[in-house]
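Look at the two complexes coming up: subunit A is in both, with subunit B in one and subunit C in the other.
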Partner chain A sequence: MLDILKDLIYSSGAVSLTGGNLVMWLVSFVLLYLAIKKQYEPLLLLPIAFGILIVNLPLTFLMEPEHGLVWFFYHYGIELDIIPPLIFLGLGAMIDFGPLIANPKTLLLGAGAQAGLYVTFFAAVLFGFDLQEAASIAIIGGADGPTTIFLTSKLAPHLLGATAVSAYAYMALVPIIQPPMMKLLTTEHERKIVMGKLRPVSKLQRICFPIVTAMAIMLMVPTAAPLISMLMLGNLFKESGVVERLSKAASNELMNIVTIFLGLSVGATMTAGTFLSPKVLFIFFLGLFAFIVSTGAGLIMAKVMNLFLKDKINPLIGAAGVSAVPMAARCVHKVGSEANRRNYLLMHAMGPNVAGVIGTVVAAAILLKNLG
Partner chain B sequence: MPELLAPIAGNVWKVLVAVGDKVELDDELIILEALKMETPIYCDDGGTVSEVRVKEGDSVNEGDVLVVID
Partner chain C sequence: METDWSKVMEVFTTGIIGVFVVMILLQILTQLSTRVIDFVENLGKGEGSSPEPKSPTAPSKD
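Right, the complex of A and B next:
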């Protein structure tokens, strides 16, 4: 009788708990709170937080290779790089590239903001991260969740939880992180600049855009293919106007389904053993640095462009060159309207914002090609 | 007869004026919603509202007339 009781106790998870597990529970509870109460990116943070909780319950073996339920999600979804491109398929079906087509020079802003990535890359190397790790941390500055996961899972899978959570966290914190930088680098006069109406974009241009962009980018940087091909296919679904069912399936059902497995798998990589190290704390710090530098680089790029442009652009839209669609564009609009209440920058900021998505993918592909 | 145009595309979230209202420069007339963000549209010059061309929930394109002011 006593033996049975003893057996029961030893086979229970409770006796195998470590202090680290308890800390991870706390991390999970904080993220659950942020997701549910504060609604910070709840679609992702909620499954991530729950993933963290369940892998820090000992003896469940949910992440046991070739055995655990969540390991299969992780292996097939993320390790084999299936989910991030599927998310991009859905994003493509939702993104309106119209503002970028109407004002193609904003592509430069989306590229300019990526300069922050390279600054952070070298900073991370200086602080002792190896090249693969540094690249995975730097990509956080692109503020694009799926791209961050795509790159980290290939270069430094042990950092996946930390880089993914910090990318999503900083995206949610755009309205707090970006405005001080915007105000620091622009004058009141610049923020007041009103931009004229965007030129209309024809249906033919909208249809040609994903096809031409997909071909151009994949010919130049073939490693970008998984993400760019899916992004542009999704966009072609949307703009062609003839496959509304596919477009809706990609942007709603499929997107929602893969988001569940993405969040859960990312959360599940965060066991106490991999997550609780000083390195991880440092990733959050460097990720924030990357984000701030990218914002600054976009703003400065816009100011440089203004030196050559007859019709001045409002330099604030440069800050939208980090991807974070549409949070960064919203933030630009808000700061712009604070300076001049008749300033409506939203659509102007969407140009660099969607260009930022493409820019981040290209930056990731270049890092992958050189370091993978 | 001055017209208040939609500066961005979006949905009409709130209509704050009715025909016959006296309005002044910088009054909030309409609130548009675009990308889940509310954007107030301000009056460009004072007068009396003679026509409201939109109702709450309508979707508008950039350049559409929202309100006509005499």
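Right, the complex of A and C next:
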């Protein structure tokens, strides 16, 4: 009887617990709190937090290559690049490119915000990260979770958990991080600029946009194909109006299913051994830096454009160039309406916001081409 | 490990320039395609429309 009891105790995970495991439990509980209580990106933070918890329970071997349950999700979903493109398919079925088609020059704002990403790349190298790691950290500035996961899984898979959590955490913190930067880099007068109504966009223009964009980007940057093709296919589902079932499936059921596996797999990469190092923790600081610099770059780009434009744009919309759809656009609208109650910037900010999604994919694809 | 600064500069410059080139080309293509579609749609409207018959119930000045 005693032997059975002894055997039970020694075969349990409790005796193999390390201090690192306990710290990771704490990280998991903090993320669970943020997801459930504060509702910060709960759709992703909740499965990520649970993934962290279960993978830091000893002897479960959930991430054991070729054996662990979560390892199969991770291997087939992320290592083989299945999940991020599927998320983009759903995203495409939800995105309205109308404001971008109505005002195509906002594409430049989506490009401007990516400049911040390359500044962070440079900074990360200065802080001692190798080039692949620096690129994976810099892409956090794009505030695009699936693209961050896509690039990191190819360039620096050991940083996947840190970069993904960092990207999603800062996306959730857009309303806190962006407004001070917006107010710092714009004058009261600039924030008051009222933009005219967007021109109407016809159905044919909406249908042609994903086709033209997919062809153009994939011809210029073939490494962007997995993400951009799925994004534009999803959008074509939506805009064509003839495959409503597929559009709904992509944006609801499929999106929800892959989100579960994505969150769980990303969380499961965060074992105490891989996560608890000063280098990894420093990523959170650099991720924040990337996000702030990208916001600033978008704002400066808008101000530069105003030097040449006859009809001035409100430079606040440049901040929406960091992707993070639609939080960044909402944030721009809020700050703009605080300066001028007549200002309705939401639709104007959606242009650079969706341009930011395209811009981040292009930036990631160029990084992948150069460093992959 | 020694940092390859020439590679860093290459990634930095080609990255920034590359993103801008792609987005500017996309802007031009979007503008061009929307203008062509506008033109075709306006042409279609012009051909399809005929002088409207005077409505018998329309208010008249006299």
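Rule of thumb we're sticking to: the second predicted complex is superposed on the first by the 372 of 372 C-alpha atoms of A that agree within 3 Å, B and C clash if a C-alpha of one lies under 4 Å from a C-alpha of the other, contacts with A are read in each partner's own complex, and residues count from 1 in each chain.
In the analysis below, a contact is a pair of C-beta atoms (placed from the backbone, for glycine too) under 8 Å apart; a residue touches a chain by one contact, two chains touch by 3 or more.
Computed from a predicted structure; not experimentally measured.
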Should A:Ala272 be classified as contacting the first partner (subunit B), the second (subunit C), both, or neither? neither
Quick one: classify A:Leu131 as touching subunit B (first), subunit C (second), both or neither. second
Partner chain in contact with A:Ala172 - subunit B first, subunit C second, else both or neither: neither
In the overlay, work out which of subunit B or subunit C sits against more residues of subunit A. C
In the superposed arrangement, does A:Ser337 touch subunit B (first), subunit C (second), both or neither? first
Classify the contacts of A:Leu160 with the two partner chains as first (subunit B alone), second (subunit C alone), both, or neither. neither
Of the partners subunit B and subunit C, which touch A:Ala363 in the superposed model: first, second, both, neither? second
Just to be sure I read the superposition right, which of the two partners does A:Leu107 touch: subunit B = first, subunit C = second, or both, or neither? second
Based on the superposed arrangement, let me know which partner A:Leu198 touches: subunit B (first), subunit C (second), both, or neither? first
Across the two complexes, what residues of subunit A are contacted by subunit B and by subunit C? none
Subunit A contact footprint on subunit C (complex, rising order): 1, 3-4, 7-8, 10-12, 14-16, 18-27, 29-31, 33-34, 37-38, 41
In the complex of these two chains, what residues of subunit A are touching subunit B? 197-198, 326, 329-330, 333-334, 337, 341-342, 344, 346-347
Spell out the residues on subunit A that touch subunit C in their complex, using ranges where they run on. 100-101, 104-105, 107-108, 110-111, 114-115, 117-118, 121-122, 125, 130-131, 135, 201-202, 204-205, 208-209, 212-213, 216-217, 220-221, 355, 358-359, 362-363, 366-367, 370-371
Residues of subunit B that touch subunit A when the two form their complex: 7-9, 26, 34-37, 39-40, 42, 62-63
